[in-house]
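The same chain A turns up in both complexes below, where it pairs with chain B and then with chain C.
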Partner chain A sequence: MRDARAHIRRPLGARLWLSGTWLSILALAAVFAPWVAPHDPLAQDLFLGRLPPFWMDGAEPGYWLGTDSLGRDVLSRMIHGARVALMVALVAGTLTCIIGASLGVLAGFYRGWSDRIISRLVDIWMAFPPVLFAILLIAVMGPGLVSIILAIVVIDWTRFARVIRAETLSQGAMDYVASAQIAGRTRFNTMIAEILPNILPTVVALLTLEMGIAVIVEAILSFVNLSISTDSPTWGGMIAEGRTSVHQAWWVLVFPLFTLFLTVLSFSQLGEGLKDRFDPVLR
Partner chain B sequence: MTQFLDIRNLTLRLRGGPIILWSVSLRVTSGMVHGLVGESGAGKSMIGKAVLGTLPRAIEVMGGEVWLDGVDLLALPPRDRRRRIGETAALIPQDPLTALNPSKRVGPQITRRLIDILGWSKSEADQRARTLLDEVRIPDIPRVMRSYPHELSGGMRQRVLIASAFAAEPKLIVADEPTTALDVTVQKQILRLISEMRIRHGTALLFVTHDLGVVSKVCNSLSVLYAGRVVEEAQMPRFFMRPIHPYSRALLAATPTYLDPDGSLQPVPANVIEDVENENHHHALRAGYDV
Partner chain C sequence: MIFLRALLTRLLTMAITLFGVAVVVFFLIRVVPGNPIAMMLPPGATEEDIARLQALYGFDKSLLQQFLIWSGDVLRGDFGTSISLRQPVSELVLGRLPATLELSLFALLIAIALGGLMAFLGTLYRHSAAEAAVDVTTGTALSVPDFLWALVLILLFGVLWPVFSISGRVSPSQAFEFTTDFYIIEAFLRLRFDVVAHLLSRSFMPALALAIPLAAIIAQLLKQSLKETMHLDYVTLARTKGYSETWVILREALPNAVLPTLTLIGVQFTFLIGGTVIIERLFSYEGLGNMAIDAVINRDLPLIQGIVILFAALFTVINLVVDMLYVVLNPKLRHA
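This part shows the complex of A and B:
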């Protein structure tokens, strides 16, 4: 049975390829934004306001995706916006994952009072409307990249805690955990060496999902003007500005929106693809 | 003959709930096989778990002693208890699907205990694992040791688990329904293998099962457990010829035999069940438990 399977090497999979490619492009654009962007994302030129994208009549060469009503280059602003988006995705996603997953594992493995405290905390936390919670937090802490990241961590750790707790519970009931204990492993060692490797695929899938969610939350906050300062372009800010002139210049709204959509989709597909590859049973 | 495992008056209960084992005593002699039979929920697995120190947190020891190789496990601090159990006892689990860690290769899962508990070097442990896998007749050992558990069949996995249980030369192995999860054709091979291995290694076996047919094949003595009590303790040939307790007789009458395959089977009558439960109740009152 195994011999037959050993010769089948599973291909990397289209979704892993596509999502990986898109996210790599985005990451490169973000890192090298000052060199890649054709224009200064903040430079205004009222004579060049609302230029359409390159394939339409009246397009100006060099302004590939057109300009907004203040004459700022849409492509350059999107490239610079990717910096904020990816920064938030990476940092907020990772922090949320570490905090939420640790609490989830503790609750699911040790059960007893640690589970009771953590689970009740999660229940209380989830009763808050998340976006209002974020707005409240930022209103208190003041706008800025750090506030946004903190807001996402504070809101979303519960997602990890819940799922990872359940996963740990089900792994903990398996006989291999009992065997490890009979073989003299301490409980802490059992948790780290036996259970952790088995919940890792779920953690990875959740992490990438969370990165997508972080991008969306950042965009929502920018949309309601609660993101970082107005002189650094963000996708959410662009969408908010584009909305006001959608009848005269749809491109200011549509391009950032589509980029956002593609990015969030890529994150979730990357997660699914990685989970399939990491899972020893599916591998 | 030394009593290698000696359980005295073990009483367990669900934390804040009903009592599930009533003052159970049983003895396993060195190198012998003791069967522990009873229907689902009788508490037979809990005895195995109490011996191996893997009782669920929801279960509380109310009293009694578990003497393993001259030491009362329940009196030891948890750290020493784990060490003691790891050195002297092992488990052949019920379900080979979940008893191996799915994210680790088979080889290290066998050698881990040797390295952790006995302090062997990696190459010694590897050598030992190979010898044992050969004893349980696993073909192509290097490949199996490199495999992940899901790449092996159920029967193969159970063989790996048997090899793993015998690896550290424990003096007692608890076999918790080791054949229940396997299909019938494999069951027989695995049973034969366990018997063969325990004779070769001189290991005592506590064989937990609900299958009297299996007991008659492998055990030297047995305890019949019903509703949390040992209702009969017997040496082997005697039990099948002259069972004493009404529940034992009822249980035997409900078991098909090879000699009379068409004979009708009797369900365990309800008054037997009531008798034992009343007995439990009186017993509890006598012992001063709050029922």
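This part shows the complex of A and C:
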């Protein structure tokens, strides 16, 4: 159902603008990484080790954000790290969303046995400490991009399933669903045509939040050295390296950490902003 | 009567959940390719040695047999022997649990104090710039997980302005002899407040990192409940009687607004405990989570199983207690 008021465009909130801008910059940097990055992210040069960022004494031109202990360019590594981070965010977030939301709708709309089994599984999953679960899964599957994505899907589907189940339950109890049934729609049609459009805003908001979570999980796994191979620079891996040499070269830790911080904050603010914007009650 | 029946149903679901966790973790870690006892073997071990060790740990039997034997042992409280540390898993795990519990409880207290303060300030200065500042702060604090807060704290208070320890539970130079594993509680009971202060200052950074997201959740929900309560007639009455705004918020509004927050704290507390795994690692804090990561890296199957089951048991017990507390505290449910 569309209300006339929905066509009156509200100005996009500042947080939507800011987070959207940052994520766009990041996406562009990730896509065009080989052309944007000033140096090869893997090229080592021990004579250029631990160069400070450009405004400090002893900086080398061209190495804007300095170099790490092996002489690798921090900025280039961050740009290439954005590829891994955004890839994981996009793929893992979308897959988790599809699987979790489907199970949630199934449990909330059909109830009965499917609900009982799915809810019991959610209970079991919630009893695992998620970080330990992730590390365990990576240990089982072996490190690598695919393992990380699978681990995130396996662990986080419950986030969607729980919320979407509750949302579907409350939507299913509403009069419009009953009238659709009386009007002769099948159960399945009702679900697709009536329920789905109404839970979509929640799904989109959760998806954006999940992308932020996926970035963090990847960083945590790189941090405990269980992410993808050491050949590809990742933010988590850079942070882990920076953490050990923070007293000699703080920039190796600070820049990736700040980037990760901004990215996670942006995904989360984008999710919140979209939720408010699409919320039919607030609109 | 209702209470008792609810309790029994909950205990039953709890047992099913724990059984489910046991099944998942048991079969999951046995998918790992490679021989779990490989790392125990001295160089030059014969086929016979390998077979003997496998038999000792029961790895020569079928998966189902292994599971039945293991579940039977677990029910009797025997979690097997750690492969990497060669000590009983139950001893190792129970020895580390107090460290994690103390850290989690400390974090919970910080979260309640910080969150409560923010909610109070937000309510006191509602509809002003100060409330907006509280909202922005809690929004940011909530958006960023404990792992990142921990790194930020390490950077700020461990490196740039090194006022707090960022490594370990006890300083190596601390000469105090502990007889239990509950260091803070023990030092407190033995009235060694200098030791308490030392321990608290060492776990302050990890505890604060764990507390920040929870504090934000508490602040948001409690502020919302408080603001709703501030409109009610009896609050207006208290105000017209001439009580100060602080008094009105704390004595009149708070008792009626606190219940949803309490329930939420219960649920969120399990998430906080889950967060200790990586936070302990970051701060080299000798707790359960740090031990868990080592166990995974060393492929120490019995130890991983023991730790995961213990975490799961902890989570389900906390959820049970929260549910029961909710029934006890909520007057509407008490006589249902």
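Just so we're on the same page, the second predicted complex is superposed on the first by the 273 of 283 C-alpha atoms of A that agree within 3 Å, B and C clash if a C-alpha of one lies under 4 Å from a C-alpha of the other, contacts with A are read in each partner's own complex, and residues count from 1 in each chain.
What we mean here is this: a contact is a pair of C-beta atoms (placed from the backbone, for glycine too) under 8 Å apart; a residue touches a chain by one contact, two chains touch by 3 or more.
Everything numeric in this text was worked out from a predicted model, so none of it was measured.
Q: Since both structures carry chain A, what do chain B and chain C do when superposed there: clash or fit?
A: Because the two structures are overlaid on the shared chain, the partners are seen to fit without clashing.
Q: Taking the superposition as given, does A:L265 touch the first partner, chain B, the second, chain C, both, or neither?
A: second
Q: With both structures fitted on chain A, tell me whether chain B or chain C touches more of chain A's residues.
A: Looking at chain B versus chain C, the one contacting more residues of chain A is C.
Q: Does the superposition put A:E194 against chain B (first), chain C (second), both, or neither?
A: The answer is first: A:E194 touches chain B but not chain C.
Q: In the superposed arrangement, which partner chain does A:I216 touch: chain B (first), chain C (second), both, or neither?
A: second
Q: With the two complexes superposed on chain A, say which partner A:D123 touches: chain B (first), chain C (second), both, or neither.
A: Touch partner of A:D123: chain C, not chain B.
Q: Pick one for A:I25: touches chain B only (first), chain C only (second), both, or neither.
A: neither
Q: State whether A:H247 touches chain B only (first), chain C only (second), both chains, or neither.
A: A:H247: touches chain C, not chain B.
Q: A:G112 contacts which: chain B (first), chain C (second), both, neither?
A: First partner only, chain B.
Q: Nearest CA pair across chain B and chain C in the overlay: distance in Å?
A: Closest C-alpha pair between chain B and chain C: 16 Å.
Q: Take the contacts of chain A with chain B and those with chain C, and give the residues found in both.
A: none
Q: Could you please specify the touching residues of chain C with respect to chain A in the complex?
A: 13, 16-18, 20-21, 24-25, 28-29, 31-32, 139-140, 142-145, 147-148, 151-152, 154-155, 159-160, 270, 273-278, 281, 289, 292-293, 296-297, 299, 304, 307-308, 311-312, 315-316
Q: Would you mind writing out the residues of chain A in touch with chain B in their complex?
A: 1-2, 5, 111-112, 174-176, 178-186, 194, 197-198, 200, 280-281, 283
Q: Report the residues of chain B in contact with chain A in the complex, numbered from low to high.
A: Where chain B meets chain A, its residues are 52-54, 57, 79, 82-83, 85-87, 89-91, 93-95, 98-104, 109, 112-113, 116-117, 143, 147-148, 150-153, 164.
Q: Note which residues of chain A are touching chain C in the complex, please.
A: Those in contact with chain C are residues 120-121, 123-124, 126-132, 135-137, 139-140, 212-213, 216, 219-220, 223-224, 239, 243, 246-247, 250, 253-254, 257, 260-261, 264-265, 268-269, 272.
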